C-alpha cells in the first residue's frame, strides 16, 4: 500500500490540473499532508509495499522518501504564498506538475526493480521539466531544453547500465528477479566485469541527474531558472532521488565484493564535483546559480562520504538530510530575494540586512548552515566525513576535500556578504511576508533540531541503511 | 561545575533578552548588561574559587546524537583561562552602555549583544570541552558569533572585507583543526581528549603541526595573522577588546591543550612554537609601529603579544623536552600570566582607542594630537595601558615578561640547540620590549600629546563617564598587578598546577624573589614620589612662565610641522626592510612650473602581499582559466558525458 | 653602612666626572677648559631658576625628567660600586633595572613628543631606535654573565663563587664584552660617535634635541639622570676591567674610581679624536657590540660546561 | 532466419549511415521512422525469441506503432508547423559524419571482438549494430546544431540501447519492462522535447541551439 505515496499525488495532480488555482492550492496542501502521513506510516512499517517484485521499502529508500515528503510539505506552503504574490499565470500547471513530480520521486524512493527505478528517475526528469519551464522566458526555455536533453541522454545510458547488470547475471546463468534486493543476495556470483561496466553506466547516468561533475552542466541553469519553490524541490529532493540510484548500485557492488572499485569512482566524482563547484562559485553572478553550484558541491560531499565508507557513510547520510533541509530553505529565501529585488543578479542585490532583514537572517543562517557551522547539522556530517576519511587512510583525497571545502566557502562567503551587507540604494519591490518566511524558517529549525536531538528511529534507520555498504559508526 | 553552567545560562539569557527587548533601547541595554554581567560574575567567582581551592578536576557529560558525548571538564588550566574570560566581558559590557549610543541601530545593537553572549558562552565551552566533538562544536560557534560581531558596522566596505577575511580564516583554521582531530581519531578511535596520549609517537608531530596551524590562525601567529589587523579595527571597540583580549587566547589555549594532551617526546614541537613566537613577536611589533590607525596598531600589538605568549609556551615546552623543570615551569607560568595581563591592558587600550574614535571621529594617529588635555581620563588610562603593554614596570606587563625571562634564563645552561634557542628567545624578548616602547610612545606621544593636528581632534571632549570609569578600573588593575604581583603569580602557578611535568616544582624561592621585586618597585615609586616632592620644593614660589614651543628658529611653527607617526617610525621600519615592505607613491615633478604633487607611503603586510601574489592570484587565475567548462554549448556538454564514460571504462 | 656611604659618594661624584671629559677634550683642543666643578655650578644655577613651559605640554612633559632621573638613580642603588654590597639586591634585579631604564626612556621620549616641536620628535625617534638595538646587546651580555655565574643580579655577578673577572678563566671572553659594553655606553649616553652632546644643529642631535624645551630644575633633573647613567655604565665597565679584590674597602674604592676616571678620560679622548657618524651609519655601529656579544655567548657553549 | 536477422541489422546500419549523411530534416525524419520499424522487428527474428508469447507480439505492435509512426509523425508535424530552415546545418560536415559512422562500425566491431561475451549464436552483428547506433546517436547529438536534430539523435541513441537490451537481456528477466520503459520514456520524452521545441521556435524564431547558449558562466 505504500505505493499510494506515488498514486495519491498522481491522481490529485491530474485533478488539480483542471481545477481553478484556489482549489488547486488546497489540493496541493492536502496532498502534501496526506503524503507525509503515509510516509510516516510506512516509516514505522505500518504500511508496506504491495508489489514485492517491483517495490520495496529499504531503509535508504524510506529515508529519502521521508526527506522528500517533509520538505515537500514546507515547500508547498511556501509555494501557495509565493504564487499568490507573483500571480503566476499557469498556477494549475505548477500545482499539477509539482504533484506529478512528487509522485515520481516517491516512486524512485520505493523502487526496487532496476528498471522501475530507472523509469522512475526518468519520470522525475520529465515531470520536473514543466516546473523549470514555468516562466516561459527565453532563459527558462534554454534551461529546460538542456535539462531534458542532457538528463535524458544520461538516463538512457543508465538503462544501458541496467542491461549490463542483467548481463552480469545472465552470463553466469543465474536466474533471479532483477530487483536490488534479490540481486544483492546473489551478488557474489555475478560476473564482476559486467557488474563494473554496469556500475559505470549507472553512475554516469544517475550522476547526470544528481549533478556530479562533469555531467552537472544542466544543473546550474535549471535550478536557477526554475521558480524558487521548484528550485527548492529540485535541489532538496530530486538530487537525493538520483543519489539513491547510485547508492543502490554501489550497494550491489559492495555486496559483490567490488566495493573498492565503486568507492574509488565515487570518491573521484565527489572530489571533482566539489572542485568544479568551487571554480564557479567564487565569481558567480547570480545567487540562484550560486546555490545550484553549492548543491553540486554538496552532492560531491555525499558521494565522497559514501565512497569513503565506514564512519563517513553515516556522515554522508546525515549530510543528505541536512543538505536537503538547508538548501531548500536557502532556495526558498532566494525566492523572497528575487521578489524583493526583482533580479537574480548578485550585483542588483545588496544591503539585505537592512532592506529584507528577516530574509537576511534566514539566508545568512542557511549559509552558515551549509558552510558547516553549528548548530546546523552539516557541521556534524562534514566532521564525520573528514574523520572517517582519515580513519580509512585516504589522506590525499581528504586533503583535496578540505581544500575544496575551503575554496567553496571562500567563494560563496564573498558573494553572500555582498548580498547581505553590500551597498544598495534601491527600493524593495515586494515586501516580506510571513507566509514566505515561516517555511524556510521551519526547515532551518528542523535542521537545528535534528542536530540537537536525532530521533532514535531515524538514527537506527540510517545505521541499517549504511550497514549494507559496510558503513557504520564503529567501522 | 554546575555553577559554571548556571552562569552560561544566565549569560545566554541576557543575550536572548537583548533580542526580546530590542524595541526599548535603553532598557534593553541595561537589562542585558546587568544580566550578562551577573552571569559572568557567577562564573568568575566560581572559577576563581575552584582554582584556588585546588579542587580536583570535575567532569560532566551528556550524550549527544547517539554516539557522541558532550563532555566538559575543568582542570586548573581551563579554570585559569576562564578567569579573564569572565572578568573582561562585564567591563566591556559596562563600557558598551554608553559606547553603543545610536538609537537608530537598536535592532543591530540587540543582535550584537545576543552574539556577544553566545561568544562568551562558547569561549567558556571551548575551554571546558573535554572531547574533540565538544571542542569543535564550541569552537565553530565561537567563530561564527564573532564573525557577526565583526561585521556590526557593515556599511563600511573595509569592515565587510575584514569580516570576510576573518570568516575565511576562521573556517580554514577550523578545517585544519578537524583534520588534526580526524588524524587523532584514526589512531585512537576515540573522541576523548584523554586518549590522545596513546597516539604513536611518529604521528604526534604531524598532528601537532596541523593543529598548530588551525589554532594559530585564530591566535594570529605570523603569517596567519592577517585577518587580525583588519577585523579588530572593524569591530566596535568593546568587541575588539573582547576579541583581542580574550578570543584570540583561545588559540593559545588550543595550542597549549593539545600539546599537553599529546604529551609528545619530540623536541621539535617546542622549537617550532618558540621560533614561531619569536617571529610573530618581532614582526608583530614592527608592523604595529608602522601603522597609523590606532586600532590597527593595537591589533598588530596583539600579534606581538601572542608572540610573547608563544615564546613563553615554547620555552616551557623546550624545558619539558630538556627535562629542565624550572625552565618549563617559568615558561608556562609566564605565558599564562602574560596572557592574563594582556587581556586586561589590551582591552583597556582598545577601549581607549574606542573612546578616541567616538569623540574625535578618527583613528588615524596622524590626524590626532593633544588629546591628553581634552580627554584627560582616556589619556591617562591609555598612558597606563601603554606602559603596561610595553612591558615596563611598575605596571603588570613587566611581571609576565619577567617570568618568561626567568624561564628562558634557566635554559641558558642547556646544551647546544636549546641553548641557542634560549638566547634567541631572550634577545627577541628584549628587542620586542624595545620596539614596543617605540610603538607605544608613538601612539601616546602623537595621539594624546602635542597639539591637535586636525579640527576634529581639537574639538574632541572627554568620553562619557561610564567609559572613563571602566578604563580607570582597568588601569588601576594594571598598576596593582604590577606593584603587588604575588597573588597573580600564585594564580598563574595554580593555573599550571595540572601540567604533569612541572607539578610539584618548589616555588618558595621564586616567590621570595617576587616579594623583593615588588619591594624594588615600591622603592622606585617611593623615590619617584621623593624626587617629585623635591621638584615641587624647587619650584615653590618661582615664576612659571608659559609660551609656545621653541621652534628652533621658526618664528611661527604650525601644528602641521609636528613630527608625524610615519616619520617617527620610518627609521626603525627601514631597518626591517625585507620583512616590512614600504609602499611609496610619488606623483613626481614635471614641467618647469610643477603642479600639485603628492607623496604617500604606507606599509603593507608582507604575509598579505605574499598570499595575494603567490597564492590567491595564481589560484584565481587558474580557476578563471577553467571557467570555459560551463560554456553553454549543449553539444559539448554531452561530449563531457561521453568522455567521462570512456575514461571510466579505461579503469575497467 | 658601607653601602650607604658608597652610594652617597657615587651620587656626589657623578656630576664631577663628566667635567673630566670636558677637560680632556679641552686639552686635545689646546684649551684650558671649564673648571672641574663646573657641573655643580650648573646644577645650582638651574635649581635656582624657574621654568617656562610650552602651552602645548601636559603633565607628561613635567613627569619626564623626574622619571628619567629616578630610573637612573635606581641603577646605582642596585649596583655594587667598588665591589661593595649594594643597598638592595636580589636574583633577577638586572631585568627590572634595565626595564626601568626603558621606563625612563619611555617618558623622556613622551616628554619630547609633548612639545609638539618639529624637531624633538626626530630625536625621540632616534633614541627609541638606537636604544632598542643597544638593549639587545645588554641582554646578550646578561645571558653571558648568567652562563658564567648562574645569577641575574649585579651584586652576584661580582661576588660569590663564579665571579666575573678578567683574571678568571673566562677573562679572554670578557675582553670582547668590555668592548661591546663600551660601545653600548657611548650609545646609551649619547656620546660621540653616536651622538654629540656639543652639537648645535637640531637636525643632527639625538638626546639633546629631546630636552630643548626643558629648563630650570627640570633640566637639572635631566642632567643629573644623565650623569647617573654614565656613572653606572662606567662603573659596570670598570668592575669588568679591574680584576683585583683588595681586602680594604677604601683601597678597593680608590682603585675602582681610578678606573672609572680612566674610562671617562677615554670617552673624552674618543670624542676628541673621532668624528660622529652619519646618522645612517649609527645602526651598524650599534649592532657591532651585539654581534660581538652573540659571538662570545656562542663561544661559551664550548668553554663553559 | 539468421540471414533475415542479419538483413535487418544491415538495414539498421544503413539507416544509421544515411542519417549521418542526410542534409534535409524531412529526410532524416523519414529515415528515423524506417529505422524505428526495423529496430522494432529485430527481436522477432532473433533466435532465442522463437516461441513468441502473446504479450511479446502485442508489445511488438505497440513498438512499431510508436517508434515507426507516432514519434516520427509527431516530429514531422512539429517540423511542418514551425518555420525553420530545413537544412540540418551540421557542426561536423556530412562527409566527415559518414566517415565517423564507418569508424563507429569498425570500433564497435573491435569492441565486440574484445568483449568476447558468450552471446547466443550469431549475435555479433547485433552487438555491432547496437554499439554503432548508440554511438551514431550520440554523435548526432553532439554534431548537429538544430535542436530538432538533437531529438532525432536522442531517438537513435535509444534505438541503439534498445538493440543492446534485446541482445543482452533475456526476456524472462525483463518481462516487457524494458520495452515498456523505453517506450514510455521515448514517448513522454519526445513529447516534452517537442513542446519545448515548439516554444523555443515561437520564442526565438528558430530552433538553432546556438541561440540556446546564453546560460553560462
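Every chain is named by a letter (A, B, C and D) in the order it is written, and numbering of its residues begins at 1.
To be clear about the criterion, a contact is a pair of C-beta atoms (placed from the backbone, for glycine too) under 8 Å apart; a residue touches a chain by one contact, two chains touch by 3 or more.
Since the model is a prediction, treat every value here as computed from it, not as a measurement.
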| item | value |
| --- | --- |
| Leader among chain pairs (count of C-beta contacts) | B-C |
| Distance from chain C to chain A - Cα centre to Cα centre, in angstrom | 77 |
| Cα-centroid distance, chain A relative to chain B, in whole angstrom | 43 |
| Centroid spacing, where centroids are CA-atom means, of chain B and chain C in whole angstrom | 36 |
| Cα-centroid distance, chain A relative to chain D, in whole angstrom | 31 |
| Residues of chain B engaged with two or more neighbouring chains | 627, 630, 634, 638 |
| Chain A, residues touching no fewer than two other chains | 145-146, 149, 153, 157, 220, 280, 283 |
| Residue list for chain C, restricted to those that touch at least two other chains | none |
| Full enumeration of touching chain pairs | A-B, A-D, B-C, B-D |
| Of chain B, residues touching chain D in the complex | 627, 630-636, 638-639, 642 |
| Chain D residues touching chain A - in the complex, by the definition given at the top | 117-118, 134, 138, 141, 147, 150, 154, 157-158, 161, 164-165, 168-170, 172-174, 177-178, 180-182, 184-185, 188-189, 192-193, 196-197, 199-200, 203-204, 209, 211-215, 217 |
| Contact footprint of chain A on chain B as seen in their complex | 65-68, 107, 133, 136-137, 140-141, 143-144, 151, 154-155, 157, 160, 163-164, 167-168, 171-172, 175, 178-179, 181-183, 185-186, 189, 620, 623-624, 626-627, 629-630, 634, 637-638, 640-641, 643-645, 648-649, 651-652 |
| Residues of chain D that touch chain B when the two form their complex | 91, 138, 141-145, 150, 209, 212-217 |
| In the complex with chain C, residue positions of chain B that touch it | 369-370, 372-373, 379, 383, 387, 390-393, 398, 402, 405-406, 409, 412-413, 415-416, 419-420, 422-423, 426-427, 429-431, 433-435, 437-438, 440-441, 444-446, 449-451, 513, 516-517, 519-521, 523-524, 527-528, 531-532, 535, 538-539, 542-552, 554, 557, 559, 561-564, 567-572, 575 |
